[in-house]
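Quick one: the structure is below, and I'll ask about it shortly.
Chain nomenclature is as follows: A, B and C, assigned in order of appearance, with residue numbering initiated at 1 for each chain independently.
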Amino acid sequence: MNDSANANSAVWRDFPRTVLRGVGQVMFQDSMWTGLLFLIGIFWGAYAEGLGVVAWGAVVGVVVSTLAGYCLKLSDTNGAQGLWGFNGVLVGCAFPTFMGNTIWMWLALILCAAMTTWVRTALNRVFAPYGTSSFTFPFVLCTWFFLLAARYMHGMPPEFESVPVMASETVGHLDMSFGNLVVYWLKGISQVFLINSWVTGIFFLAGLAVCSWRAALWAAIASAVSLFTIILWRGPAADIAEGLYGFSAVLTGIALGATFCRTGNWRTWIWSLLGIVATVFIQAGMNAAFAPIGLATLTGPFCIGTWLFLIPGYKMFAPKF
Amino acid sequence: MNDSANANSAVWRDFPRTVLRGVGQVMFQDSMWTGLLFLIGIFWGAYAEGLGVVAWGAVVGVVVSTLAGYCLKLSDTNGAQGLWGFNGVLVGCAFPTFMGNTIWMWLALILCAAMTTWVRTALNRVFAPYGTSSFTFPFVLCTWFFLLAARYMHGMPPEFESVPVMASETVGHLDMSFGNLVVYWLKGISQVFLINSWVTGIFFLAGLAVCSWRAALWAAIASAVSLFTIILWRGPAADIAEGLYGFSAVLTGIALGATFCRTGNWRTWIWSLLGIVATVFIQAGMNAAFAPIGLATLTGPFCIGTWLFLIPGYKMFAPKF
Amino acid sequence: MNDSANANSAVWRDFPRTVLRGVGQVMFQDSMWTGLLFLIGIFWGAYAEGLGVVAWGAVVGVVVSTLAGYCLKLSDTNGAQGLWGFNGVLVGCAFPTFMGNTIWMWLALILCAAMTTWVRTALNRVFAPYGTSSFTFPFVLCTWFFLLAARYMHGMPPEFESVPVMASETVGHLDMSFGNLVVYWLKGISQVFLINSWVTGIFFLAGLAVCSWRAALWAAIASAVSLFTIILWRGPAADIAEGLYGFSAVLTGIALGATFCRTGNWRTWIWSLLGIVATVFIQAGMNAAFAPIGLATLTGPFCIGTWLFLIPGYKMFAPKF
């Protein structure tokens, strides 16, 4: 009885740390300080965009999905590392971004955020035999269903009636002054949490750096390389300027360059750069595929890109554990 | 030789029972009486709708897919439990519902119904490592291909040129008198076999009850909860009135509440209710995703919803075998 | 050191054979002569169509993906059998067929062709537990992403703005004189490499015959049966005349009838014929599903059709190894 009470009080004492680590785990960092800086960046960016509700969604999402982990009595190790919360915080960012601010949207957000916790268990079980995990795909899959459902559920209406655009209309002119390129580059990082703000991008880089300079480096490289790639192949200017070709590649870059592959190896460098460039094409391809139903790809291109480079399981890139 | 002759005559003596159990297994009931009541409900509803051909399709479908099991010499145990027939009977309901009554439609129906038997073997092999099975997904997958093919094959024309509808046009007004709510609730159950008839819903509930009161209870609960959910979130009135937001949730409810989870446990109750509500959102999401190609989701949302709740394999919901 | 030098020179001496076997492996033939005849057929057909660039794409694709296998130090056995190249050669045919001839298209072709080599490792790992492999799906998956990406990347523009066509507009009149039927039948075979030429179809049949008369027979049967099927069900005349309902079925026919099932067995004959007919419906269904996004199915219908017939793993069709 006493033990259980102690355990319970320990849980609550550790709860804020667990929640903040959940925010940090979106970019693979098991650190509450990373999570805190990410969260500050989210609040800054959300309020700067006039969408403060997105930041509160993030808080609700990460708390709910972390609580779901406790309710389901999942492995404490996972919980302490923040692995229950990282899908939930993204659900919390996505819902108020794409749907109207109604009570029904919030109820759906809570259900969806909680769901990601057990959907993660399910998808990790599916990916385990292939030596990888589900990354942010529980968030992606569940959120796709809810965002699509919003078209038919007027209690949580979509924020905009997205109109599919044809390729020929999407080129536009991209202002390529140095200052603007830096802005696009930083927004490529901030869009990981669906935030369109270069200041937030700096907070995110700082958050990465406090935990792992390598992760910060690869986030910076990945955003730059993806920006370079999409400009070379002349992608749609408006989307480039908002960082929408960067965020998936940033996650692929951190995953391959700083997390799951052997580091300090020129082969891994090439492999990670290839993964980043491939993710840009997957991003553009999924954008085009989803345009007719007006759906956001979310971080789906990152998941697919990273799986295609990790599932082969080549020894030459395997970490030395 | 004599043994084989005996075995053969036993097969034919048991054939009607095997076929009827196939009908019953659509809702997880290994009982010929359930199957018989389901079949009566299908005939009643199909003729009441002026689509008697749907009922005959159901008979052909279940017989063909059961015969395919014999021809392929699959495990007798599966056969005796009706597990060869439940996908076929659904193929038989779907084809005449969505395609014109031509000789080529019937030939395609026979091919597709037979295919479900070996596609079930294939998909069960895929799902086996994850502790679950393919449910009605062999029917869903094969029928999707054939229904889509109908657009390009004028020998088996689609019954209607479905026009994608935008969200804003779909709200409509839902008559919420008590009598009408009961009708929607019963149609949510009858639509499991693509039948739009409240009388059929009663036959289906009765069929469930003769084999398992718990299955009947959860079918009733699931249809009510899904109706409540879609009304709260203000879904499209016309579809609600035809039970189109109920059928997948009904199957999820029977699967989680009365078949695959530990029963008599408050945790399972909550888990099953969450599964039912989640299935409603998955249904709405898939409706929206498929609207541009005018395809029916069939029981796909049930399969996805139930997988997401069973594949985690949490011990707290595991049956005590 | 000396050994390694010897090994290196052996690699380069064997390189042309390895590359040609890669071309042959598209239809499961481990033979450089098959590959050579295929390549001649591709050059003939591409130049006859006025699209010589397609043939050069094929050469670049197979060379790049084969080199990727060396760079990644994959199993020599796989390499010697041409298993690194068969996805790359198809990438090389598809890119100049569907995209404009720009430097960026060629760079993307090189990246995509190389990618298929490790994506094949990844997908084979996924399919291994189910007793089958990824076939040409690495090509299909990667090429889908790049073709879709072309809509948004003006550096590699799509060759045509494909307009989705409704079923009612697609019937048309099919000239069914004997000579024309032979042309459609041969084009069904040539379209395996996206070539629209009956002469190429003869080269391909000859290429198969020099390695395996059974493979040539089943290619011929499959193209004839798929032609017969799509005519019976009244598919779109223009596509039938270009062999677009044949190529996937041809691959399914060779896979089931001459490669992966027990041969010389009447059961396998029926099984293979069912697989061929099923592939025609899957082809039509995927054509309809992809029409709204104007995407080619590539050899996806072959992969799906063959998986559905091989993953069941029935002993009665299993090869006697």
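Just so it is clear, a contact is a pair of C-beta atoms (placed from the backbone, for glycine too) under 8 Å apart; a residue touches a chain by one contact, two chains touch by 3 or more.
No experiment lies behind these values; they were computed from the predicted model shown.
Annotation of subunit B and subunit C: jointly contacted by A, touch as defined at the top. Interface of subunit A with subunit B: the two copies contact each other largely through different residue positions, with under half of all numbers used appearing on both sides. Matching CA atoms, the turn from subunit A to subunit C amounts to 120°, rounded to the nearest 5.
Between the Cα centres of subunit A and subunit B there is a gap of 36 Å.
Shared interface positions of subunit A, i.e. residues touching 2 or more other chains, are given as 129, 292.
Touching subunit A in their complex are the following residues of subunit C: 72-73, 104, 108, 111-112, 114-115, 118-119, 121-123, 125-126, 129, 144-158, 161, 292-293, 295.
Per the touch definition, subunit B reaches subunit A in the complex via residues 129-130, 166-168, 170-171, 230, 232-236, 239, 274, 277-278, 281-289, 291-292, 307-309, 311-314, 316.
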